Amino acid sequence: MIRKLNPGNLARWAVTLPPSLFLVVFFLLPALIVVAASLREPGEFGGLAPLFVGGAFTHALTLDSYRFFFGDTIYLEIFVKSFFIALLTTLICIALAYPLAWLIARSPKRRRDLLVLLVILPFASNLLIRVYAWILLLGPLNLLYTPVAVVAGMVYVHLPFMVLPLYTNLEKHDPALLEAAQDLGAGTWTRFWRVTFPLSLPGIFSGSALVFIPVLGMFAIPELLGGTGDLMIGNLIKEQFLDNRDWPFGATLSLLLTVAVLLCAGLAVLAAKKSFKGTEAVT
Amino acid sequence: MKVERPPPPTPRPEGGGDGGSPPIGGSMQLARPALSPGGEAVRGRPGSGARPWIWAASLGVYAFLYLPLAVVVLFSFNDSVLNAEWVGFTTRWYDRLLHDEDMLRAAANSLLIALVSSSTATVLGAMAGIAMHRYRPRLLPFLALTPVAMPEILLGVSLLLFFRQVLDLTLGLTSILIAHVTFSIGFVAVIVRSRLAGMDESIFEAARDLGATPWATFRRITLPLILPALAAGFLMAFTLSIDDFVITFFVAGVGVVTLPLQIYSMIKVTVTPEVNAVSTLLMLLTLSVVVAAARFAPDALKARE
Amino acid sequence: MALLEIRNVTRRFGDFKAVDDVSFSIEAGEFFTLLGPSGCGKTTILRMIAGFDDPDAGVMLLDGRPLTGIPPERRPVHTVFQSYALFPHMTVAGNIAFPLEMAGKSRDEIARRVAETLALVHLEDKGGSYPHELSGGQKQRVALARGLVNRPRLLLLDEPLGALDAKLRVEMQSELIALQREVGITFVFVTHSQQEALALSHRIAVMNRGRIEQLDEPDKLYGLPANRFVADFIGKINLIEVEVAAASKVLLTLTAAGLGEIAAADARPLQPGERGCFALRPELIRVYGRKESADLKNRFDGRVKELLYLGDVTHYKVALANGFLIEALMPNAAPGRAKFHEVGDAVTVCWRHDAGIFLRD
């Protein structure tokens, strides 16, 4: 089957090529560079040490940065702490988002769009503004520069990401299921826990992924709202690139963060798929 | 030879969203409390839909979302250097803002970058959206959508390395522009793609069948139909660009300051209500842009899934 | 010379042969139908004629010239899509004008032809409306008008009546016939409804699994199906498994297990022992009480298992001696009918010796 170069095919390449090319150069390539950079040695004045000096192959590739990372437990501690903060944020977001998502899902169409818009609007403001607002609020309460402040800020910034997927999922629930459960003798809490909640799991997993993963990589919130003991992975990375100028180590940290993110994303997809199997009746 | 009798009509309960149709006769009459527990669907009672505590909790969450921002706005009019307590009404912080050269330059930079990057992202993103919908390429969705989903810091770091080590590019306007386009393409692509998905596919074939070349099909059929999505995409990309902090932070270098970067340094160094003022103005701007975008493509926002 | 010639066209999707070495030709001015169950390849052929797909083997000639390599926009062939595919952002007039604009016609000519075609489909006052304001039947007619306005060599129709309700379908069928006669353009119609095909077409190609089973005029397809598939697909038919007992130039004698001998008319040189089925249309069978009888060669006793009284006709299902449930259709206005049969009645079914045909396996 020879598909000739007719106008149809030409159109296909004309549309696919430019964005693909752009993204390969400015997204894929840089990602690969990070991997390469993590294997290099730091330069004298920052950046990366050159591979060749005067024709000779000096500063070979090295695993120093990795050894550095695993050598000192403090870095692992920071990783673990970041995970913990991300997890806590996600759970709080689920708790706060659920009633709101429920309300939106059960509202008539007109009001639903308005309610959704109201959830999104704060998100449209700048990250820094939202963080700044919490600086104002927490300062007088003496809660500034504490882990509480960090979590509060994280929740505040990422809440809309949990509300949207959750309400989209809840919207699709067939009300007859709850009526059937009630008819069969289930009380309020049972109905929620045995019918609604399991069916909403795909939405919960989507939302969790949209919260957990960005939280892992944040640095502005810990820096502005947290104390010196509240540093997260993001802060470490920022330090390497802009303060310490140890780029290979920064690249290593980024790579490890990427791996962590990919793992979480993969888990979320698996979990969503599994929970989705039982919920096909919903959609 | 079979002549089938039509099946007897079965009563179908209406979902919560359609509001207002009474239960079809024949459904069981159970003794139900006035507001059903578990959030039972709206049946003949438009407007009610949930228990009081759900309303209360939701209102609480909305308050949680808006109160901090309200405080920022409020104190931008506070006649005191400290953001501690309310002293009196004044607009002097706004006045100060308008004479702050650094701030004005940062604002100008942000606007310029936003306009250029969102225009570029709209064009490339529209192409990507059309391509993803029509040709289902394997690589493109991954390339376009991952920058949206991953932590911004990773994107910032990788671009920093790329610009400095590979291209030996001095960080500045160009690097910021490229970075903004990179993460905006995905947004526009998703919006355009979902708009296309909602349309009858065969009209594009019909156009070619009736004599239109692929270019004429694009000009006369595709473009007019995705225009709302393009507008919404442009506005979203604009907002993202104006508001971006993390990625810009890494690729801006020393020469160029954008509004968020300026705000950042202000927060770290001196906290005056000037920050409140610029925040309020910025919020107003992005607010109107998002509302406009919602007008053009209401399901663009849902397309985030 | 035929207007459209399809020669040995094959189209494969992986291992699956959607179109398997198909050949046929269409004459100018014909209403030609491709009929078959879903998956038989009829839509694939239509898309290849339109240019949205290319055959893997074989050649297609329009007015004697091959179609390969010509993109859809340059073929003088237009399609009426199943979903109508009207451009939602253009008015009815705008939709109809579109192919004329693509062909580069002048403003005046476009206006004239659009008005003409709107009148042709009885939508004169709908020119300024938008597609979403129209009913299903009206959208249908706009799609037709749009496909015809440019006077294509062929108009392809892909199950256009599928989305309409029963009453509208029948109305549109009459309109389609009239329209085609009036404009004289060759129609290639695709459908899975045999009733529609029979009503509309000059000739029908019955397709199954990528091949043409029979290409013939409607009455020949109905009365003289070539094989079991066509017999079963078109209309209702009884198929009794038989074996050839004896064959003379005039009379064919078949034996059916448990039933006995069936007499049929067949001039083919058949051999005793050949197997096949005996195909008999229900309306050619008479159902009489045991006491009455007609002087017909084929007579078999049975009991009425089911009956469906439909006012003008009655459908009977009669269980014969070997258990076969034969279906018969009797008009309720036959003279001399004293009473209808009831379920459980002992009856005799009979038919003329030339009523059915023998289909070899």
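Each chain gets a letter, A, B and C, in the order it is written, and its residues are counted from 1.
In this section, a contact is a pair of C-beta atoms (placed from the backbone, for glycine too) under 8 Å apart; a residue touches a chain by one contact, two chains touch by 3 or more.
Nothing here was measured: the structure is a model prediction, and the numbers come from that model.
Looking at chain pairs B-C and A-B, which one is connected by more C-beta pairs in contact?
The comparison resolves to A-B.
On a CA-centroid basis, which chain has its centre farthest from chain B's?
Most distant chain from chain B: C.
I'd like the Å distance between the centres of chain A and chain C, where a centre is the mean of that chain's Cα atoms.
It comes to 58 Å between the two C-alpha centres.
Which integer distance in Å separates the CA centroid of chain B from that of chain C?
Computed from C-alpha means, the inter-chain centre distance equals 53 Å.
Using CA atom averages as chain centres, what separation in Å is found between chain A and chain B?
16
Could you pull out the residues of chain B that touch at least 2 other chains?
208, 213
Note the residues in chain A that touch 2 or more other chains, in rising order.
Expected reply: 7-8.
Specify, in ascending order, the residues of chain C that touch 2 or more different other chains.
In chain C, the residues touching two or more other chains are 71, 73.
Please give the residue numbers of chain B that touch chain C in the complex, ascending.
The contact residues of chain B facing chain C are 1, 3, 199-200, 202-203, 205-213, 216, 220-221, 224-225.
Once bound in the complex, which stretches of chain A touch chain B?
Going through chain A, the ones touching chain B are 7-8, 10-12, 15-16, 18-20, 22-24, 26-31, 33-34, 37, 47-48, 96-97, 99-100, 102-103, 105-109, 112-113, 116-122, 124-137, 139-140, 156, 159-160, 164-165, 168, 171, 174-176, 178-179, 181-183, 187-188, 191-192, 195-196, 206, 210, 213-214, 216-220, 224, 234, 237-238, 241-242, 247, 250-251, 254, 257-258, 261, 265.
Please give the residue numbers of chain C that touch chain B in the complex, ascending.
Answer in residue numbers: 50-52, 71-74, 77-79, 81-83, 85-89, 98-99, 102-103, 146-147, 150, 236, 282, 308, 310, 315, 317, 327.
Under the definition above, what is the set of chain B residues touching chain A in their complex?
Residues in contact with chain A: 13, 15-19, 28, 30, 36-42, 46-47, 49-50, 53-55, 57-58, 61-62, 64-69, 71-72, 75, 83-84, 124-125, 127-128, 130-131, 134-135, 137, 139-140, 143-144, 146-147, 149-155, 157-162, 164-166, 178-179, 181-182, 185, 189, 208, 213-215, 218, 239, 242-243, 245-246, 249-250, 259-260, 263-264, 267-268, 271, 275-276, 279, 282-283, 286-287, 289-291, 294, 298, 301-302, 304-305.
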